[in-house]
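Same chain, two partners: chain A is paired with chain B first, then with chain C.
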Partner chain A sequence: MSAFIQLVFSGVALGMIYALIAFGYNITFSTSRTLNFSQGDFLMLGAFTALSIIGSKQSAIPIWLLGLLAAAALGAVLAVVLLEVAIRPALKTGSDVSWILATLALGIIAKNAAERIWGTDEYPMGSPFGRGYWNIGGVSIDPKEVLVVAAAAGVMIAFEVFRRKSLFGKAVTAVASDKDAASLMGINVPVVIMFSFIVSCAIAAMGGVLIGPIQIVSSTMGALLGTKAYAVSVIGGLNSGLGVIAGGLILGLSEQLTARYISTGYKDTPGFVLLILILLFRPNGLFGKATIKKV
Partner chain B sequence: MLKIKDLQVSYGPVRALHGVSLEVPAGKLVCVIGSNGAGKTTLLRTISGLLKPTSGSVRLGERELVGEKPHLITRAGVAHCPEGRRVFPDLSVTDNLVLGAFTRLKQIGQVEMHKGMENIFALFPRLQERREQLAGTLSGGEQQMLAVGRALMSRPEVLLLDEPSMGLAPIIIDEVFKRLAELRARGITMLLVEQLAFRALEVADYGYVIEHGKIEIEGTAESLRNDPRVKAAYLGQAAA
Partner chain C sequence: MESVKRYAPYLVAIALMFIPNFISNEYIVHSVLCKVCIYIIVVAGLDLVVGYSGDVSAGHAGLFAVGAYTAAVLMWKLHWSFPICMVAGAALAAIFGVILGVPALRLRGPYLAVATIAFGLIIQTIINEAVPLTQGSSGIKEIPRLIYGPINFEGNNLFYLVYPVMVLCLFVVNHIVRSYWGRAFEALKESPVAAGCSGVSRYRTKLAAFILSAAFAGLAGTLFCHVDKYIGPPTFSFELSVLFLIMLIFGGTRSIMGNCLGTLVVVVLPDLFNNLNDYRLMIFGGLLLFTLYFMPGGIVGMLRKILEKTGLMKAPSRLGVPAYVVAGVKLGEVSAVHLRPGDETGKGEPLLVTKGLSIKFGGLTAVNGLDMTVTRGQIHALIGPNGSGKSTTVNLLSGIYQPTSGDIQFRGHPVRGSADQISRTGIARTFQNVALFGDMSVLDNVMVGLHHTFSGGLLPIVFRTPSARQQAAEALARADALLDFVGLRALATEQARNLPYGKQRLLEIARALGSDPSLLLLDEPAAGLTAGEIAVMDAIIRKVRDAGVSVLLIEHHMSLVMAVSDEITVLDFGQKIASGTPDQIQANDRVINAYLGTSGSGHTLAHAPTH
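And then the complex of A and B:
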C-alpha cells in the first residue's frame, strides 16, 4: 500500500511539471494563438544555467533561489529572442506552418548550443534537499517532489490571481479574447503579447530547475518533456486556464502506473493514446470552452 | 474638433473609401448613414487606427491621428464602440468598465474611476444590477449598453458608435436611441454610424449619406429628414 502511495505521489509530481510547462503554452496561445514548440529546450537551458550556480550537491536555499532566478531571467531573454526572431517575422508570411517551424528550429539551435557549451553528458543537479526522504506515516516521500508540487501550484495560482485581480492581468484577458477591442481600450497589444511570452518562457526555464534534481540534466532532457506538456495542453484544453492541472495529473499518474504495473517500455504510451483520443473526440480539450458569440 | 479630410482606404486592390471628408464639431452628434457595405465601419476603423488609410488625414483638434497606433489614438481621446459590441465575454461587467478606463486609471486613481462607473450605472441601471455577471451572459441589448458605457469610461473627446442598433429588438433599439439622445444632451461629441437612417437622423445634429465609399449628401439632420433622395433611399417612400 505504501509503495502505491509513493507511486501516486511521484505521478502527481511529474504531472505538475507537465502542467506547469503546459500552463506556459496556454498563456501565449491565449494572447497570440501561437506557442513555442521549443519550450522543452528552453527548460533545458534553464536547468543548465541554474546548474552552473547551484551545482550538483545539496545547496543552501539562497543559492538555490539565485539559480531559479537566473533561469527565469534567461527564460525572459529567450522569450524576446523567440518572439522577435522566430514568431513575429514568421507570422508575416501568413502561414501557421512558418511559426511552428521557426520555433522548432530555434529549439534545435538551443540544443546544439547547449551541447557546445556543456557537452552531451548527463549531470545530477542539487536542490535545497539532499538525498534523504521524509517518512510520513510509513510512506517515504521525496522532499524534492514536494517542492515540485508546491512550486508549480504556487506559480500557476499566483499567475491566475494576477490575471484576475490586477489591471494589467485584466488587460491580458482582454487581449486573449479580442485584440482589436483590447487596443480600442488603449491597451498596447504587442506589449501584452511580449509579456505573455516572457512569463511563459520564464515558467519553462524554472521548470527545468524543479525537475533537474528529480531526473537528470542533459541537452536532451527537454524534448520529451516539451512534447508531453504539449499533449497535456491539448488534453486540458489550450484555452482552459487551470485545466492543464487535470491534464498533467492524468498523464503523470498514467505514466507512473503503467511503468509499475505494465511495463516501463510502455510508460509513454497512455499519454499519447489519450492525446489522439482527445484530438478525435474533444478537440477543445477536456476543459476547453467553446466560445459563444452574440450577433 | 474631429476633422476628416479626403480619406482613402483600400482592402488590397479594392477601394473602400474614395476620399471621404467630414467634420464632427465639439458637443454635436453627427451621423453617417448608408447601406450595408457603403464603407461606414471602414470609416470608423480607420479613424481609430485599426485600418491604415492610403491617403488623407484625421485630425483631433490639432493632432494628426493617421499613422498612430490604435492604443495611442484611444489615449488621445477617441473612444470607439465597435460594430457587434465586442465586449469581453470572460470578464465581469465591472471589469469591462474598468478596462474602459485603462488609459486613465493611473492618473485618476480608483476613487475617481468608481465615480465614473457610478455615472455609467446611472445612465444604464441594468448594468448595475448585473455588475458581477460575466459580460458574455448578458443579452444583446445589455451588451450594447455595456459597450457604450465601456467606451465612455475613457472620458473621450469623441465617441465613435458603430451601428448600436445592430441585431437588437425594436423595443431595445428605442432604448438605445433614447440613451444616445441623453448623451447628446450632456454635450458628448459623437460620430454615429447607422443603417437605420431615420432613427439616426432623429437624434443627430448633422448627417452625411455615404454610398459606395463616397459622401453623396450632407446637411443638417432636419434637412436630410426632408430630403427626397434620402426618403427614397432609406425611408421607403417614393421620391416626389
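And then the complex of A and C:
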C-alpha cells in the first residue's frame, strides 16, 4: 500500500511539472494564439543555468533560490528573443506555419548551443534537500517532490490571483478575449503579449530547476517534458486556465501506473494516447470552452 | 519552343537517371544521391501539408520510420518481396496519418504540430521497446539484399531503383497539386472560411493532404532501409523531422524544383563543411529563420525573382494556368454558359423561410426570433443599423454559426450543417470583408467556387483520365462564362489580390455563383465602392436575379437597396422591426426611428446617412 501511495505521489509531482509547463503554453496561447515549440529546450537551458549556481550537491536555501531566480531571469531574456526573432515577425505574415517553424528553429538552436556549452553528458542537480526521504505515516516521501508540488501550485495560483485581481492581470484577460477591443480600451497589447511570454518562459525555466534534482540535467531533458506538456495543455484545454492541473495530474498518474503495471519502457506513451483521445472526444479539452470565430 | 519547354523536364529527368554510369564514387552515388532522392520523396509529400494546405507536421521522421521498419521487418522476418513491402510501408504510414490527422485536423490551431511531435517521440519509444520486432536500440542489420536474378540493386545500382521511384512520386505530387485537390488545399490555406463557403470541406481536404503526405513518407522509408542495410532508432529523431521542414522551406514550398534543391543543399552542406559539424543544428536553425523572414520563397523564390528581374523569365504562371493545358481549352474559345440555379420553377413561392431564428453569444442575443421569408426570384434586402444582427444572420444562413434555436427551411427542407454542406444545398455568399484567395488567379478563385462540379478520387487525378480532363474542361468553360458574366474575363489570369477593390467584390460574386446557388447572400457588396462601381453592382445584382438566382442583400447604401429590392426586412437589436416593399419601409416610423433616433418628420430612408 505504501509503495502505491509513493507511486501516486511521484505521479502527482511529475504531473505538476507538466501542468506548470502547460500553464505557460496556455498563457501565451491566450494572448497571442501562439505557443513556443521550443519551450522544452528553454526549460533545459534554465536547468543548466541553475546547475552552474546550485551545483550537484545539497545546497543552502538562499543559493538554491538564487539558482531559481537566475533560471527565471534567463527565461525572461529568452522570452524577449523568442518574441522578437520568432513570434512577432511571423504574426505579421498571418499564417500559423511561420511561427511554428520559427519556434522549432529556435529549439534546435538552443539545444545545439547547450551541447556546445555543457556537452552531451548527464548531470545530477542539487536542491535544498539531500537524498533523504521523509517518513510520513510509514510512507516515504521524497521532499524534492513535495517541493515540486508546492512550488508549481504556488506559481500557478499566484498568477491566477494576479490575473483576476490586479489591473494589469485584467488587461491580460482582456487581450486574451479580444485583442482589438482591448487595444481600443487603451491597453498596450504588445506589452501584454510580451509580458505573457516572459511569464511563460520564466515558468518553464524554473520548471527545469524543480525537475532537475528529481530526474537528471542534460541537453535532451527538455524534449520529452515539453512535448508531454503540450498533451497536458490539450487535455486541460488550450484556453482553460487551471485545467492544466487536472491534465497534468491525469498524465503524471497514468505514466506512473503504466510504468508500474505495464512496462517502464512504455511510460511515455500515455501522453500521446491521451492527446489523441482528447482531441477525438473532447477537442476543446476537459475544461476548455468552444470559441466562435468571428468572420 | 512550347514543346521544348513542355518536354524539357522529362528529358532532364531521364538524363539524370544515368548519373551512376558517369560517377562511380560509391559515397557520392550510394550514400549521398540515393539519400537525397529518398528525402525528396518525403519533402515533396510534406509540401502537400505545409506548402499547400498550411499545416505543420513535425513528426514526418516518425512516419518515415514506420515505412523503414515495416519494410525491414517484413523482408527480414517474413521474406516478403520488396515491392509488396513498399506498398505495405506506405499503407501503414497512411494509417498512422489517419490516426493523427482525424483528431488533430478537426480544430483550427497548432494541433497537428503538437500531435505529430508527440507521435515522433512515441515511435522512438516503440522502436526501442518492441525488441522482438525491431531489436530495440541495436537496430536491424539483417535487411535482405535487393538482388533479383540478373537485376541487382546493391551498391550504386540502388540509384536505379530509388531515382525512378522518386520521379514517379514527383509526377504524382505534380498532378495532385495541379488538380482541383491542389486548388482546394491552397484555397483552404488562404481563407478557410471562404473555401468552406465555396463548398470545400476543410476537414476532409486537409485530412487527404496529410494522409497522402504520410504515405509518401512511409514509401520513402521503405527505400531508406536499403541505403545502409541498417536502421536504428537514433536516425528517426525529432531533429530529422525538423530537417525535413528545413529542406522544404529552404528550397521553397509549392515547387518541385524547390523540394529537390532544398533537400540537396541540406544533405550535402554538412559534407562540405565537415569542421562545422558540431554546430550543424545551429546553422540549420539559423538558415530556417533566415529563410522564413528574408527569403520567404526559398531558393526557388529567389531564383525566380532574379530571372524575372533580368527578363529571362516571365511573371509567375499560377496554379490555374496549366489547367488549360490539361483541359485542352484555351481562354476565350469557350462558348457562353449560362447560370444554372438549382431549379428555376416555382417563382413567387417561398425559397428560404426562417422561423424564430436566434443565436446567443454568451449573454448577448445577436439575432432574436427572426421570422423571414425570401421569395423565389426576388431580391430581398436585410437592413438595419450597425450591430443589428444582419451579418450574424448571413453567418447563420451560410452555416458558419449554428443557431441557438429556431429553424431555417430552404426549398422546403431544413438547413443544417457546416458551411461546405450548406454551400452544396444551393446557398452561396459573399463576405463583408472581401475574402478572396489573394495569391491565386482570378480564374482559379472562380474554379474553387466550381469545386462541387468535380468528382472522382485520387486515381483519375493522378492519371489524368479522360473523365478528369473533361471535368476540368467543363469547369474552365463555366468559370470563363462566370467571369464574363461579372465583366472580369479580361483579368482571368491576374492575381486576385492585384484587382481593384470594386472588381474584387465582383469576383466574389462570380465565385459564389460557381456553386450554382438558388440563393445568393450578398453581405454589403457595395461597401467601399465608388458611385460608378455601385452602379455596376446594381446592374449585376439585377442580372443575377434575372438569371433566376434569388438574392438576400445586406447593405447600408439605401439608394441601392431601395432601387433594387423587391422586399425589405429591417432588423434592430437582433429583432425584426418591419418588413415590406421599399415604399412601405420608407414610410415606416419604427424604421425611421431606428435609423435616425428620432421620430423626425420629413426624413426618408433614401436620404439616411450611409457608410
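Everything below uses one rule, namely that the second predicted complex is superposed on the first by the 290 of 295 C-alpha atoms of A that agree within 3 Å, B and C clash if a C-alpha of one lies under 4 Å from a C-alpha of the other, contacts with A are read in each partner's own complex, and residues count from 1 in each chain.
Basically, a contact is a pair of C-beta atoms (placed from the backbone, for glycine too) under 8 Å apart; a residue touches a chain by one contact, two chains touch by 3 or more.
Fair warning: this is a prediction, and the values are worked out from it, not measured in the lab.
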Fit-or-clash call for chain B and chain C when the two complexes are aligned on chain A: clash
Touched partner set for A:6, first chain B, second chain C, both or neither: neither
A:271 touches, of chain B and chain C: first, second, both or neither? second
First, second, both or neither for A:58, with chain B first and chain C second: neither
Contacts of A:111 with chain B and chain C, given as first, second, both or neither: second
When both partners are placed on the shared chain, which of chain B and chain C touches more of chain A: C
Which superposed partner A:189 touches (first chain B, second chain C, both, neither): first
Touched partner set for A:167, first chain B, second chain C, both or neither: first
Which superposed partner A:238 touches (first chain B, second chain C, both, neither): second
Chain B versus chain C as contact partner of A:181, first or second or both or neither: first
Residues of chain A contacting chain B in one complex and chain C in the other: 292, 295
Partner chain B, residues of chain A touching it in the complex: 167, 170-171, 173-174, 176-178, 180-189, 291-292, 294-295
In the complex, chain C residues that touch chain A: 50, 54-56, 58, 99-100, 102-104, 106-111, 113-115, 117-119, 121-122, 125-126, 128-129, 189, 193, 238-239, 242, 245-246, 249, 278-282, 284-286, 288-289, 292-293, 296, 361, 391, 395, 400-401, 431-433, 435
Chain B to chain A touching residues, read off their complex: 48-50, 69-71, 74-75, 79-80, 82, 84-91, 95, 98-100, 102-103, 105, 136, 140, 143, 150-151, 154, 166-167
Residue ranges of chain A in contact with chain C within the complex: 33-35, 37, 85-86, 89-90, 93, 95-98, 100-102, 104-109, 111-113, 115-116, 223-224, 227-228, 230-231, 233-234, 238, 263, 265-266, 268-269, 271-272, 275-277, 279-280, 283-284, 292-293, 295
